[in-house]
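After this come two complexes, each holding chain A, first together with chain B and then together with chain C.
Let's turn to the complex of A and B:
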């Protein structure tokens, strides 16, 4: 194992910031903090969910990507039509590797399609509503889907097409659910705005549409799990073995019908807090279904989540079953984990990804004795870093104000609080807190770095200064990182691997990390005849 | 037999066979030494395009954006533009900044020429890099158009005439692989030491492991070389499905009197011969012996493999220029093109296929401005033996249970997209071998006997 010298995090940050012009440095400094966990999980304040500086290469995508790509992408039987020029639809065509399993051959499966209105000059000038209506009609004629949804990309917002009106009239005409998302890429500062818009529209147009009460003793929804690499399949199987009925998942391996029935569940588990907390809150307000934070990444968290669900329902039979499943799974996991731990102990990791994964995956590294040196999110807000306790103190800026906040009232008929306030208090005291997410930072060690919206330059510097043994990010970052001789694990698409959820997934992940941090190939970067020379590689790029 | 979008009367695009215009610009800018690209618009497009290129090339690819937000979308992007350019200069010290527009800034109508002018006037940055701007609205064209107009924009901005005439040659390659570009450079340099060859992203998009961080990967055609293109004796364009208004060759001809030879993508013997012939004519040098030897081996292999492939039916799809090139190869080797499909809409696909082919293509369905579902419907009855095109054809190949020979871009379900060869005698040889082997493999797999001797 390579020897790691102590690095002063303050000096590291100063070095990174020194290259920026003063204004940019001041802005970035607030998005880069040295972690320090105090009493009651108090952590330093970080600035998040603010604009990226123009010209700085960000990992972030756009509002449309968050809405169509992330939240709605994994539902297999809705036809998603991208309203705009061709690129946006093409680039979001099954690129996230969400998996799905139709129940039978006849079931609709549209995820392999990329539908677009492929706007042209004339629509930019004269408006694209007519073309959109025709596109919806055509999609209907060909496929007769249960639902069609429409996503606006940047130019659409500017030319002023009223997609909601078009959807409404097509809904009346076709007699199926047709609804739209005004998720133009320039809205908000990242994918996050798109998540919020997606949540709103799902709540308005989908959730609660189906009155058939599903069977099941312990009815549960999993929110914010997108079935990358088959994660949802693992979790579905675990829940089933415990006897928990999964009503719907938002939105891995989901169908529109399952989402329409979500309000029949008795408990919501929130996995990716960032992308789906809005739906959890609104379902509670309207139907009285409470939510808890769950996490099925990492064996400890998985066990904790299962136990919380069992405790919520409070049935001894369920509690026992959950314990049995946990014991069975841990028996299989422990020997693998311990063997790998020996080879990985003391190695270091950095995680810069998403809005929850940078947090969740730290536990997997901990399990095999690896330390997280630095972590950060691409599109999270302060509450994802510092915990929901800071929510009241978050300032709403112009970019967030433009995203609609729905006013939700309890449903006059269907509102039915599943637990009384007293019961909820009791559960909270017993370790099942509601509406709570304590954020990433309280789980990180002191003196580690927390960086929001880390960019290309900062990534390079972090690697240069800290030389971690592995860096987790996405495909855009991967190959730059690997040029440094440091392996990069993609935590968006899982590098074509996975599943990593649950116990089975944890085993996969341990093996994968073992393979990566103990690989031999990096030794061959220099040929034998290159070893002693230090060629000057500094190129100057001045014309 | 050509079908156009109008005749199909179709409004929804299902599984497009084209990418957006700025994509082509980003690719072309990658072919100039020390260049950095900035997309003027919101950040999503840059992120998506990076993501997409990287999935094929597996190399770091930085593309900056001026990060429009809602208020920029309303009030215009001048401020963001200036900040973005300055930040790019500070981080990358590029020799050239390529600026392409997205649909957003195009719809707003930002005047980039003016923005560049204002920036140059107001900035305190010294030693400004070259700034090349290209207009790339996606609602008007495809990635191919973005690629060609970027070559033109670079030429328009950089090329000068010194009045000193040379026997140099300018070669503009089409959208081919880094391995293709490397080989094309080898060919051209065997005719003349002095030449202009761009976009050359052979090294920037297929580079070695680094021992030191580089903000901009090494490689690409040098700016000084590009500047001299006006003195050359001739230009060769290795593509032909484009409008004159997007053509750098035409521009150099009109502006500096440099003769333009529009050859098309040199796939197969005839088209490579035409390329070599043009090189000989412009440079006055003869083809080296090794090229003739490569050609000889290729012809020899055509003869050897004829028994495996004769009479087979293929569907070719992808970028128009590559489709034209591949159909030309197929007609040389006895495979019938039953359909030639592209999302491109230069309007030249049919005439170019006809011009480059004998009668064997007469019955082919030629479909431009089409998507994968149009293609699936059209070829249902044609019973092709194989598909030739990019990874996006996989779903169809799977459905039809026929092989897909992967070519062009994107190839993100196989390893080594950057090293697939298509052009020249050597590239054709590679492609030809892969086509033949795909057919043999299928026969071997489907046969009852499990012959190891095919």
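Let's turn to the complex of A and C:
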């Protein structure tokens, strides 16, 4: 491990950048920084949420993927119709591992289905609105869902189909909720634009639709949790044991019905800040429900999040119950963690993924003594790196300006601030800050690398220079990394494992990393005759 | 139930596709392009297309699938994608240094009418294509046809972009293997070697999408058809194109451009289709079939005669891509099984004629669905009305399989949830033996698991 410490991060970055044409090098240099945490968690500025360099082999996907795939994908009782040629519906069909558990056999569960208008050239030429309306009608006739939503793909925006008008008239005709997302793939610079569009439309068309007040003493929403590999199930169980009532999750293991009631909660917890902070903000503005950053990845963060929720409600009974649950869980976790820590101590990791996972998962590696050498997001913004304190200084460029910012006013009837400004100040001073996310960089060590929108070339060079023991990324990167003889852990799909949330998830993750970095097979990569340099002819035949 | 909303009652649909039995053109073009040595496929459109195609191909092959994208923004969608394309070409050659960039379009760039040949010329005029490097391209609008057509268009793009006409014909035979697995391509090469025929195969993804773990990554693995071989393909004496949907257009184009005689046959999957392949190769190359190949065939026929009772009368639902469907359906009939349903989302009524040719009196148009709304939802409804003993098709069938307790033999694309296809071919006689073994395993395991105790058999 000692040799790894001698790598000069500046030299590493220079070596990576030296390959690029000058314009590309200048652009990328601003998205690659050496971390340095100063006073008040001051960190260097990083450029993020800017256009991808064409041809660079990016990890990023598109606006549609962020909207349909990420945010709306995990909700089971709505029919999501992709309006466009067949591909987009096909690739987002069951590929994200959002698990869901209907309460009964009779409950709606459409996530195993892919719905598409399968546009053909005639619709590209003459318009696809008629086909879309007919598709909505057919979906209704066959399935009688309580809601239908429509997702635009690239050509739809170009030919000018008005999906919102079609949805509106079908909503009137069918008497169910029908609404659309203008999430054409070319919008914005990454999946992030799609998250924002999804947030806007959920806020406009879903949240607040149900006036029936749910029961529960401590009513909570979990935002930005997508139930990959069953994470939501673990968190749901933890909350239940503590006595916290989960009104809705956006959107792991969720229903549209539960989202309609989200405004009845008294507190929102934001897990993936990037993909869902807009909804949290808007719910607060309209209904007065405050939000805090929560994170259920890693035992410490899970405990901290539970404690913050308990403190918010301020009920001693809840505070005690939370402490009891934490103690029970930590008792199970510590022996496993400590045993694995012995085998993983001093090993190194890199994480390039998502809009929050590259941050959250560092704690899990820390827990077993592994150091993060470099990390970065695929589609995050500066606030996810440097913290929300930089929000006022973020320049809105042309690509972001095209994404609608909703103007939200307090609801004349339903606006009800759950805490007074004084109470919130007091809570903040006691360790429950509202509307705050300090970002990834303050949690990273000095001299580590932070790289936004890392690409294939940079991945190759990072591996070559730093030789990390494990690299975390997604499916597109996985096998290229492993060809270097280094295991890759997918943090989008969890390599079909998990759950990794909460304490139970942390134990799973520790075991998984132990398995990966200590696998026997890596010792067999070289054939014996390639390791053995002695001459081929060693013996002679004696008759 | 996983597909709890699928009803027995079939309501007519004219606009809504549910659980498609196809995807879009560009992914086929990307897969085909990976079969050229030193090639970087490039997707001219939004970056999501490229991300989705790479993800899908990676999940299927469990191998690095490299491809670049023009990363369209709203601006490029309005003003055209040329600026992005030129930047991409420059960046790709500078950073990734491929021998060739194989560009395909998407629904986005097609809708705005980007002209790839003009862009290639501009790139050439601007001097951003290094000496000796190549750019080939094809149009793959996602709103026309389906993924096999994209494969076909890129293979035709190879011919149009690289094959050179020549009056001095070589002894070589071109093989266009169609959209099959790297293991299948390797196997087809083995047959040709066994027959003593020198070939140029394109595309050839063996050695690219089934690379060994060495601890050292080759960004461009050593497999694939080289640019030099592709140039030379214009001098071959004949082309055997396997699968009219995926390979026919390229073979015809090669005939027009370079006067190389095309022989377009069905994919050599199963007994009869492999017979056709071996016989065509024998005639085209003027060689005798060696005993080793005839023996292989004999072993397959022997197996079928031995095990005929387990195949006979079994009803099979086939779904997937036209070229695979025709050959599989023919094999099903060779085994005296019943091709109960044949479903593909890939449009094109010519498929009916091809199916008629191989199915003979087993042909029944009522059980065939092609094109729009010919999807897995419809097939599932058909199955609910009249069940089958086996489904053959891609991974998405597992939901029907589990709900209906009908075994699934994974074949075609995509297979996300099993390995095997990367290593073991299903083309040729040996491939047919493997298909038989898999089917028998399925039928016999089912019998073992479900027969009453008094009927439980030791010997099968």
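Here is the rule we use: the second predicted complex is superposed on the first by the 526 of 543 C-alpha atoms of A that agree within 3 Å, B and C clash if a C-alpha of one lies under 4 Å from a C-alpha of the other, contacts with A are read in each partner's own complex, and residues count from 1 in each chain.
Just so we're on the same page, contacts are C-beta pairs under 8 Å (C-beta built on N, C-alpha and C of every residue); 3 or more make two chains touch, one makes a residue touch a chain.
Given the structure is predicted, the values throughout are model-derived calculations rather than measurements.
Undergrad: Should chain B and chain C be called a clash or a fit once both complexes are overlaid on chain A?
TA: clash
Undergrad: Thinking of the overlay built on chain A, is A:105 touched by chain B (first), by chain C (second), by both, or by neither?
TA: In the superposition, A:105 contacts chain C only.
Undergrad: Between chain B (first) and chain C (second), which, if any, makes contact with A:80: first, second, both or neither?
TA: Neither partner.
Undergrad: Applying the touch criterion given at the start, work out whether A:253 contacts chain B, chain C, both or neither, answering first, second, both or neither.
TA: neither
Undergrad: Let me check the overlay on chain A: which residues of chain A are in contact with chain B and also with chain C?
TA: 19-21, 24, 51-65, 81, 84-93, 95, 112-121, 123-124, 131, 134-135, 138-139, 153-155, 157-159, 184-189, 398-399, 402, 456-457, 460, 474-476, 478-480, 482-485, 525-526
Undergrad: Residues of chain B touching chain A in their complex?
TA: Interface residues on the chain B side: 10-16, 18-23, 33-34, 38, 41-45, 47-52, 54-55, 58-73, 80-81, 83-88, 90-96, 102-104, 106-108, 127, 129-130, 137-140, 142, 209-214, 216, 218, 223-224, 343, 373, 395.
Undergrad: For a test of understanding, state which residues of chain A touch chain B in their complex under the given definition.
TA: 19-21, 24, 51-65, 81, 84-93, 95, 112-121, 123-124, 131, 134-136, 138-139, 153-155, 157-159, 184-189, 398-399, 402, 456-457, 460, 464, 474-476, 478-480, 482-485, 525-526, 537-543
Undergrad: Over in the complex, which chain C residues touch chain A? Could you list them?
TA: For this pair, the touching residues of chain C are 1-5, 7, 11, 13-20, 22-24, 26-27, 42, 45-49, 51-56, 58-59, 62-77, 84-85, 87-92, 94-96, 106-108, 111-112, 141-144, 146, 211, 213-219, 345, 372-373, 377, 396, 399.
Undergrad: Where on chain A is chain C touching in the complex?
TA: 19-21, 24, 51-65, 81, 84-95, 105, 108-110, 112-121, 123-124, 131-132, 134-135, 137-139, 141-143, 153-155, 157-159, 184-190, 398-399, 402, 456-457, 460, 474-476, 478-480, 482-485, 525-526
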